[in-house]
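Working notes, beginning with the structure itself.
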Amino acid sequence: MFSLTIRRHFMIAHSLPREVFGPAQALHGATFVAEVTFRRRALNEDAIVLDIGAAGGIVEGVLAGLNYTNLDEHPDFAGKLSTTEALAEYIARAVAGQIKDDADGRELAGLDVTVRENPDAWASYSLDLSA
Amino acid sequence: MFSLTIRRHFMIAHSLPREVFGPAQALHGATFVAEVTFRRRALNEDAIVLDIGAAGGIVEGVLAGLNYTNLDEHPDFAGKLSTTEALAEYIARAVAGQIKDDADGRELAGLDVTVRENPDAWASYSLDLSA
Amino acid sequence: MFSLTIRRHFMIAHSLPREVFGPAQALHGATFVAEVTFRRRALNEDAIVLDIGAAGGIVEGVLAGLNYTNLDEHPDFAGKLSTTEALAEYIARAVAGQIKDDADGRELAGLDVTVRENPDAWASYSLDLSA
Amino acid sequence: MFSLTIRRHFMIAHSLPREVFGPAQALHGATFVAEVTFRRRALNEDAIVLDIGAAGGIVEGVLAGLNYTNLDEHPDFAGKLSTTEALAEYIARAVAGQIKDDADGRELAGLDVTVRENPDAWASYSLDLSA
Amino acid sequence: MFSLTIRRHFMIAHSLPREVFGPAQALHGATFVAEVTFRRRALNEDAIVLDIGAAGGIVEGVLAGLNYTNLDEHPDFAGKLSTTEALAEYIARAVAGQIKDDADGRELAGLDVTVRENPDAWASYSLDLSA
Amino acid sequence: MFSLTIRRHFMIAHSLPREVFGPAQALHGATFVAEVTFRRRALNEDAIVLDIGAAGGIVEGVLAGLNYTNLDEHPDFAGKLSTTEALAEYIARAVAGQIKDDADGRELAGLDVTVRENPDAWASYSLDLSA
């Protein structure tokens, strides 16, 4: 199995209005560093998983929809909690949607998204695309 | 699959009295940076793998039993080698023991523990909790 | 010259309502990683710059006043821009205020505060305490 | 499952003469940081995956064949593209060849090689050795 | 004193044809991570050292002239050694040239450029602009 | 001003038998990552601060005298506290002693040594060699 990972970041405001989140129930924010991994069983004829420029563009496009926003008012998170785990899944599904019609995208076995919220904590989501 | 990772560190003295360890047979020490990953197939109703505060508290509690000790005299390592690999397994099993009676803990699919001993070497242990 | 550096982080929401800040004029947020460096010409009789536990406590106390807040509503930033540079100065002056009556604190030559806003950008402020 | 990871780096020149690579079609170069992970179901009698010194020596030996070379003229890449993905596979197979006759090497379940080309992009290859 | 630092990277081929460079006399390459620090005694009226977007654009413009090139054939290094130290000075002087006619640029006390060639080695150059 | 920095690590056991050190009064240990910076006003005729191989060898030689030891029994620390700050000064003075008779060494303006004890704390010592 091969993989290619692209790292980018985005900066948002949000609140997590459930008792379990303690002080994070207040409006605060985060720099989220996202690492998006594209997995594939065999390389394409250019000996790559995916064109790194195209992959970077897709990731940047998805993150641009979040960057410099207040997730409490973001339509995609209406009625939902924007936890680090939920953001990892959101990014994975959005990236998958962008690449599913691409020749290399159809060959992907899966996507892994890690979202780092601070130096001491991060969350990940793995999406199986082989079915 | 989702995961949440908590990073903490601890500082210990130890020796590794087998010929294969060369100069590490002498009493020396290490700053071990532990990354404890909690894996779960679906998020709980708060859209998280586990309460990050509770998870951090459990990891800190386990590492507190090691921090600022000489592992050569630590009862849990009597007659055992405290290699980086063995420490990863020890931490994983201790964390698993702490969470097994917790509602979210029962939903975990597994734990991964990575223990970094210096910038150029680290070891990991994966514990399956799905059985 | 000796120095001791303590690293901690805090997570905030804010906006930067000036045209030069482009998309950062909107309410967003950041994980700020603060590195506070205490400088001293000679070590104390315990061969340290400052007690690392006390220093960590002071830094944590200062950052606790910012963590999980919306700086747009924080009294210390009323009518002020909470840029990364401004936060570095704010933290340095607050830490200096906390240590000025301490025996070791009086011996400090200066403080440097670096505040990292994302992996690709950070700001610093150096405060001379020797006068 | 246990693993041990060794990190080393190497510096090479190369070109990627396919249209998809854009400006990387020109002769340029990279510092590649390689993380080689050795996976094993159970530890050996010394409570390790592999002797860290021996593992480091094997990785260094493989990378020494690449370090300070122009991969465009390297016999192992004649007629092949030296993409980051291809380098990850090359290193994994070369390391596997070196350890296959070793007592601990025969116990390995697999190898994972991650090759980082810059702070924002890296590729990996996983080699199953359990068959 | 305040400072703002921008980090970017570039990938080049080159050789260092002097005996002291040993194996680096051969054509090889590097990923150079450049950290450009802008120093200023007081902030501007927007509470910043420099517009971070403008500063990033200037650094990217300078590095674009180096990225994906073979420095052995680069006109700016004709007859010169492209050591890490020399690259740090080159970048500092090129950035200084770009900002000297800018209102904020004229207020700068200096520039520091750190160029990282691998995880274990880096070089820096400090340029005084206060004269 | 130019500088070259070399990073290496060493692993030791020690105790800090003063009340101020709290739990670190017990025998424990650390992985210390040392960053040794060599400063020089002008480059030599090879456009470098110092031969990076020679500089690395000197740093490794100094750290080899500490690596895998118990500093409580190390003759150079008899009757002294082996704090991170004290180690930074020790390494700086030992490196300075090694290079003072070297042609490039005589041109150095100073040495800076940073010793990182864990991801959240480090100490530095600057040695002026220009006098």
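So that you can tell them apart, the chains are marked A, B, C, D, E and F in the order they are listed, and the count of residues begins at 1 in each.
We adopt the following convention: a residue touches a chain if its C-beta (ideal position, glycine included) is under 8 Å from a C-beta of that chain, and two chains touch if they have at least 3 such contacts.
Remember, it's a predicted structure, so these values are computed and weren't measured experimentally.
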Compute the centre of every chain as the mean of its C-alpha atoms, then state which one is farthest from the centre of chain C. D
Could you pull out the chain whose C-alpha mean position is farthest off from that of chain E? B
Which of C-E, A-C or B-F has the same interface as A-D, meaning more than half of the contact pairs match by residue number? C-E
If I rank A-B and B-F by number of C-beta contact pairs, which comes first? B-F
Proportion of interface numbers common to chain B and chain D (over half same, under half different): different
Chain D to chain E, mean C-alpha position gap in Å, rounds to 30
Could you grab the centroid distance between chain E and chain F? Build each centroid from C-alpha atoms only and quote it in angstrom. 27
Could you pull out the residues of chain E that touch at least 2 other chains? 7, 119-120
The answer for chain C against chain A in the complex is residues 7, 9, 11-14, 23-24, 26-33, 67-70, 117-120
Considering the complex alone, what residue numbers of chain C touch chain E? 18, 20-22, 80-81, 83-86, 88-89, 119-126
Show which residues of chain F lie in contact with chain E when the two form their complex. 1-8, 37, 43, 46-49, 51-53, 56
